[in-house]
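The structures come next, written out as structure tokens.
Paired with subunit B in one complex and with subunit C in the other, subunit A is shared by the two complexes that follow.
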Partner chain A sequence: MINITTQIEGEYHIVSVVGDVDASSSIHLDEALTELAKDDLVKFILVDGTQLNYISSAGLGVFMSYIDDFKTKNIKMVIYGLSQKVLNVFQILGLDQLMTIVADKKEAKEKLHEIQS
Partner chain B sequence: MISEKGLLRLTVLFAVLCWLSLVVADLFLLFAEISEANAGITKEIPQLLLSLYIIFVYFFFKIRIQKAESINFIDLLWHVFSTGLIVSLIQLAVSLFFYLLSDSKLMQNPLMVNFFYHINLGAVIIFLVSTFIVWKRLILYQKNKRLLVIWQIFEYSILASLLYSFFQSGSQQWLFNGLLGLFILYGLVLAFNVKWIAYLNFKQKWRSILLLALVILYLYYFINNLFGFSTEFNLVMDLLDNVFILSIAGFIFIYALISILVILFNLPTSSVFEQKIGEVLNFQRLSQSIQKGDSENQVYEVLLESSTNAVFSTSAWLEIYENDEPNEILKSNISDLKITQVRKSIQDSGIYSYLNKQKSSNFKKELNLNKLTTSLNDPDYGSVLVMPLIIQERQIGLLVVLKDVSDGFNTEMVNIISSFVNQACISIENFELLTEALKNERYREELKIASRVQKSLLPPSLISDKEFEMHAFYESADEVGGDYYDFFKTAEHKTAVIIGDVSGKGTSASFNMSQMKGVFHSLVQFDLDSKTFFTRANHALSHCLEKTSFITAAYYIINSQEKSISFSRAGHCPGLFYSNKDKKAEYFQNKGMGLAIVRNDSFEDFIDISQIHYSSGDILFLYTDGIIEAQNENQEEFGYDRLRHYLEQNNAKSTKEIQAGLIKYLYEFIGTENLEDDYTALIIRFL
Partner chain C sequence: MKFNLKVYCDKTRLKDIREFISEKLKAYVHDDLEINQMVLAVDEICANLIIHSNYCNADETINLEVFVERDGVTFEISDEGQKFDVKKYKEPSIQEVVQTKKKGGIGLMLVRRIMDKVEFVNKEQKNTCILHKRFKHN
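Let's turn to the complex of A and B:
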């Protein structure tokens, strides 16, 4: 069960991921991120993980595969609001060292500008 | 019990005996009468013998005719005809005898006359009774309970009328006539049960008329003959006095006559009946053809043939679609050129556009059958019926039926063709489902093989060494999984152990798992430290794995000389180590990065290398995330703490017991044995 919505809030594109991202539902996450990667207007992506309950290795693979894409297109992405359980999964794999993961939306926005400057 | 054959023989024997006794008794009575002497026997004796003879003949035919299970009406009528023929020949022979000896004194002898009369009598009774039984079978064809009861009353009353002969006297003439009239009336009512006639085809009907007419002729001849005897000679026993014989004769005549009339009136419509029976048989062919292992094409052929026959069409063709395009055309009495011409006319009529409209809505709406037939502006054909073949909202074909007259298709015909088409579609759908099921079965077999091959990629589950004992457990959620463990002795005192998990699940994961095995066995030969091992493995796998795939792994080198373990973690769950001295289990806290996530040289910056020393009784517990992430029905994860506590409490057990106990604990926790993910556990206890 997954529900992914993309909202535009000023210069930020906010992707909220609600539910479980497993092998089959990770396709929807992939679609949402592809959409953003294609869009030249996208500069800042905030991934809202406050209601992300579970992420499988396939889901992590989706995030991982966009790291390089976003870097070359100069798109900044920050993930925020992950539960301790989900954050732990990112940490064990080492993805926290490659991606910016912060506690909340406010911090996320600050982080984005920090990266930019 | 006596067998049926034995019963038949017995009845024949008794019938013959009764007949002979009857002849002797009658002649004896006559002789006594002539010589005016007391015969010593009463008149009832011959009556009894006659009744017994009739009853035995009745039972003989009842057994013989009812034995034949399959009803072939013509055969039954033929049986009556042949019996009649034999009886007629006997009577003719007797008449001839009388004719030749008409002048001789012998014929004046009443004894002689009566003897010959008895021969006739026996033969006529055989004919009447056997015909009566045949009529019974015809009447009771497609019987119901009510008819059965009505018939039984008739049959038993007629048999009971045999008793009447014993009370015979002149004053009871009215009773005789009344009984006879009653039976004839009753027979008349029963005679209208002629359902069997509907099942005759045209030719059989003509034959039946002929045979039935012959039966009436026989009957006339026999009765006439008996009548002749009755008036010409003084008979000791006159059959025409017997109410049973007369009733049966009357009934046989009525039934034969009514049957002839009904058949005659049925003759003009018999082609319709044959048509209907043909349609039913075609239905059967359509529904059975697939089961017999025929191909779809045979169903199409049966459909085309049945449809053309059912509506007497002039021409027809059946387009078979593949991927929505006509792929093959089955033709019936039409040329390719003509098909092209007719198609144009159909195009003009608007049927195609109606069908296209239906097609764009995936045939969700019921087809309006009236819109599928129209008149044609064509020199050869006056009307056309176009019927699409649809399976699950998908058109698989198109049937076009043509007639040379305009308005050639009435509602009845459209319906029957529609039914044929539906039946054919069902047959073809069943065929497709069956084929698919077989294909799936084959895939399942392939998966089983893949599963077996993959299991063989993993080393045996139990390894013993001087320094440690190891036990492994592997269980995949699908046929094939993405978990991996392996070990290799790089030196006398050094063993490399790896545990890994490929991202994703199922087949794709298992392919990547086998790549990992290849990488492990290639690199392990070089006796690298764990960090270098992962750096090189990452390099190799970065070229092999697709963009979204990665592998997590942990690599441990056990050195029994130094009693140390040096290890690195490439994004895999941290290993759990139980210290026997501290009586505590703890997870390693080294940092790491999954393989093929960072696909460049910076990867090595993310990998740590650590070392610990072990002593006897310590346990190294390696696992994959399937165990940690196993959820119970409350969405609660098994988690790290439960695993740690379990190991602390069960450290004294053997590695196999630890593993078995953990799996039991895990299954109890999740409440089912349906795995969501692959589970791997590798337990190493140092000795």
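Let's turn to the complex of A and C:
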């Protein structure tokens, strides 16, 4: 139903979210982001949403709960590869304005450095 | 046309609910975004009922009825758990949700943005949430 993996690619921590993030599975996304928030070496997080099939408020809530923490810790996060269907869920509440969401990995990496400078 | 699904109160059943709604609506709605929004609204209500009204007690059930009409669809979701008092519910702002880091509280906000009508009716032991959405193509 959900599979979350974190890989390190140079200076980037890439969190791949595969499947559905709903009220029963959002805890796994939360755990993955908690791990990264605790790690002082983490500076850039790329959330790979290319295989994210569905998200509900539980998943949105997880992302929202890290906005302030990441800001305090100077961790930059960009979400990329969302389908129209999933992106639309972020847009309903205007969360696409609170978080950085881009089309693909290349743009995500560029964006991270743009946010940094 | 009327469809019905009864599930026991376990969060893992949410996936079944989503598949059921999606499957049934496909015959009437051809826009994936529109279907997903309705699936999401029902999922949010069912998640609230399972978690907050029935405390994930698998001995309890929620009943979902879907009425598809020419111009829209009505969902009636009922249970016999703790009643939700909508009058006491105050919608938080997005900023409040971000600041409190509660990871919750935006489900009903989504439902209200998506649906044309959201009602909560309590009669004796039974609580029913009624959602109505007009189809976009009409």
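Just so it is clear, the second predicted complex is superposed on the first by the 117 of 117 C-alpha atoms of A that agree within 3 Å, B and C clash if a C-alpha of one lies under 4 Å from a C-alpha of the other, contacts with A are read in each partner's own complex, and residues count from 1 in each chain.
The rule is short, and it goes like this: contacts are C-beta pairs under 8 Å (C-beta built on N, C-alpha and C of every residue); 3 or more make two chains touch, one makes a residue touch a chain.
Note that this is a predicted model, so its numbers are computed, not measured.
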Once the two structures are overlaid on subunit A, check if subunit B and subunit C clash or fit side by side.
clash
As a test of reading the superposition: which chain, subunit B or subunit C, is in touch with more residues of subunit A?
C
Which partner does A:Leu60 contact after superposing on A: first (subunit B), second (subunit C), both, neither?
both
Between subunit B (first) and subunit C (second), which does A:Asp48 come into contact with in this model arrangement: first, second, both, or neither?
neither
Once the structures are superposed on A, label A:Met1 by its partner contacts, choosing first (subunit B), second (subunit C), both or neither.
second
Which partner does A:Gln84 reach: the first (subunit B), the second (subunit C), both, or neither?
second
Among 454-462, 490-498 or 526-534, which stretch of subunit B shows C-alpha clashes with subunit C in the combined arrangement?
454-462
Across the two complexes, find the residues of subunit A that touch subunit B and also touch subunit C.
23, 30, 54, 57-58, 60-62, 64-65, 85, 89, 92-95, 98
Footprint of subunit A on subunit B - complex, ascending:
501-506, 547-550, 552, 571-574, 591-594, 597-598, 606, 625, 629, 635, 637
Could you please specify the touching residues of subunit A with respect to subunit B in the complex?
23, 30, 53-54, 57-58, 60-62, 64-65, 85, 89, 92-95, 97-98
Interfacial residue positions of subunit A with respect to subunit C in the complex
1, 20, 22-24, 26, 30, 54, 56-58, 60-62, 64-69, 84-85, 88-89, 92-95, 98
Within their complex, subunit C touches subunit A through residues 11-12, 14-15, 18, 32-33, 36-37, 40, 43-44, 47, 50-51, 94, 97-99, 101-107, 109-110, 113-114
